[in-house]
Amino acid sequence: MKVMVDVSIVPLGVGLSLSKYVAECEKVFSTFDIKTHLHPYGTILEGEWDEVFAAIKKCHEVLHEIGVPRITASLRVGTRTDKSQTMEDKLASVKDKLNSA
Amino acid sequence: MKVMVDVSIVPLGVGLSLSKYVAECEKVFSTFDIKTHLHPYGTILEGEWDEVFAAIKKCHEVLHEIGVPRITASLRVGTRTDKSQTMEDKLASVKDKLNSA
Amino acid sequence: MKVMVDVSIVPLGVGLSLSKYVAECEKVFSTFDIKTHLHPYGTILEGEWDEVFAAIKKCHEVLHEIGVPRITASLRVGTRTDKSQTMEDKLASVKDKLNSA
Amino acid sequence: MKVMVDVSIVPLGVGLSLSKYVAECEKVFSTFDIKTHLHPYGTILEGEWDEVFAAIKKCHEVLHEIGVPRITASLRVGTRTDKSQTMEDKLASVKDKLNSA
């Protein structure tokens, strides 16, 4: 089962600057067999369910190892059986509608 | 690693009444070794990371099997290493603050 | 337009114990003409759109006033025109399906 | 109060192709005094609180007017008083950390 996940990781107890921790997770994600897209409020992951969630679990584990005592993450998780759709497809589909308007 | 996940499952392409599908996932969740709490906009799952995410994966799989072509879910995922905290603890902590105000 | 919002407020830069701030927002919410339901990972608000979002804005403002420098909140926002449905209705609908299974 | 909101709109009861409706909301957003950034799982809005939430309300209203009977949206809402930070700033901050690694 393929999945697309938009994840926003929020480390708690480490002050106000979170970009260091987001960058750590980007590095973690890059070691998995998934596609990623960083945006200003999160990262979109695309791939097989088990691989994507292994990446997210590893991100939590690594942040805890480097001293983050608490994490809350918000995820949007999409699966579909009617067709295969990549993140590029999703974006292109909206832009097509906008351009043809 | 323990985790608390608040999950709201949204089946697409099956009309407006979603409670049937939420109930299917509740049944799925009850077969896993996790604690669950149903609320009006989702379900909170508590347990070991792998068990909780196996339950969520199974919920997606079962919904697709019974004919849901597309699912989007919104998840809040909490992990912490500073202390162990159950969902009852979290709720009690807020209510204590309210009662002592 | 009626709306149901499930909001989880996460104050940043104030340590690991967040219940004090959640309680502050509960007090704020109680001053608005809305229904609320506290659960272990957030609070569900129900009422007219403008009133509900005025309450959420006030919660952000009050937390900043008492010293929270940064807030990230996750919201689920539901509107519908096919029928009126309260949070009790939503919960009862799922429980009915579970009991009749 | 400035706010950054990452919003993912999910129309229910209108089939599986949602891009038409996302495009409608993009058009709505473009009529408000806010900055927007479309990504594969949502749109990020940046501006004054009242203007950003007026845009989101209008998006719900317009979708209902064109026949969407039910909507659930997932929002991430960020406010901060410690400094002003645009969505470009947020992205650049993570990329800096990645490049200096």
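Should a chain be cited, it is by its letter among A, B, C and D, assigned in written order, with residues numbered from 1 in that chain.
We take it that a contact is a pair of C-beta atoms (placed from the backbone, for glycine too) under 8 Å apart; a residue touches a chain by one contact, two chains touch by 3 or more.
Bear in mind that the values here come from a model prediction, so they are computed numbers and not experimental data.
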Given subunit A and subunit D, the chains that contact each of them: B, C
Selected pair, greater C-beta contact count between A-B and A-C: A-B
Interchain centroid distance [CA atoms averaged], subunit A/subunit C, Å: 25
Subunit B and subunit C: spacing of chain centres that average the CA atoms, whole Å: 17
Inter-centroid spacing, subunit B versus subunit A (mean Cα positions, whole Å): 19
Numbers and ranges of subunit C residues touching at least 2 other chains: 8, 13, 16, 69-70, 72, 74, 76, 78, 80, 82
Chain-level touch network, classified as line, ring, star, complete or other: complete
Contact set on subunit B toward subunit D in their complex: 8, 10, 12-13, 15-16, 18, 69-70, 72, 74
Residues on subunit B engaged by subunit A in the complex (per definition of touch): 1, 3, 13, 49-50, 53, 56-57, 60-61, 64, 69-82
List of subunit C residues in touch with subunit B within their complex: 4, 6, 8, 16-17, 19-20, 22-23, 26-27, 37-42, 44, 74, 76, 78, 80, 82, 87-88, 90-91, 93-98, 101
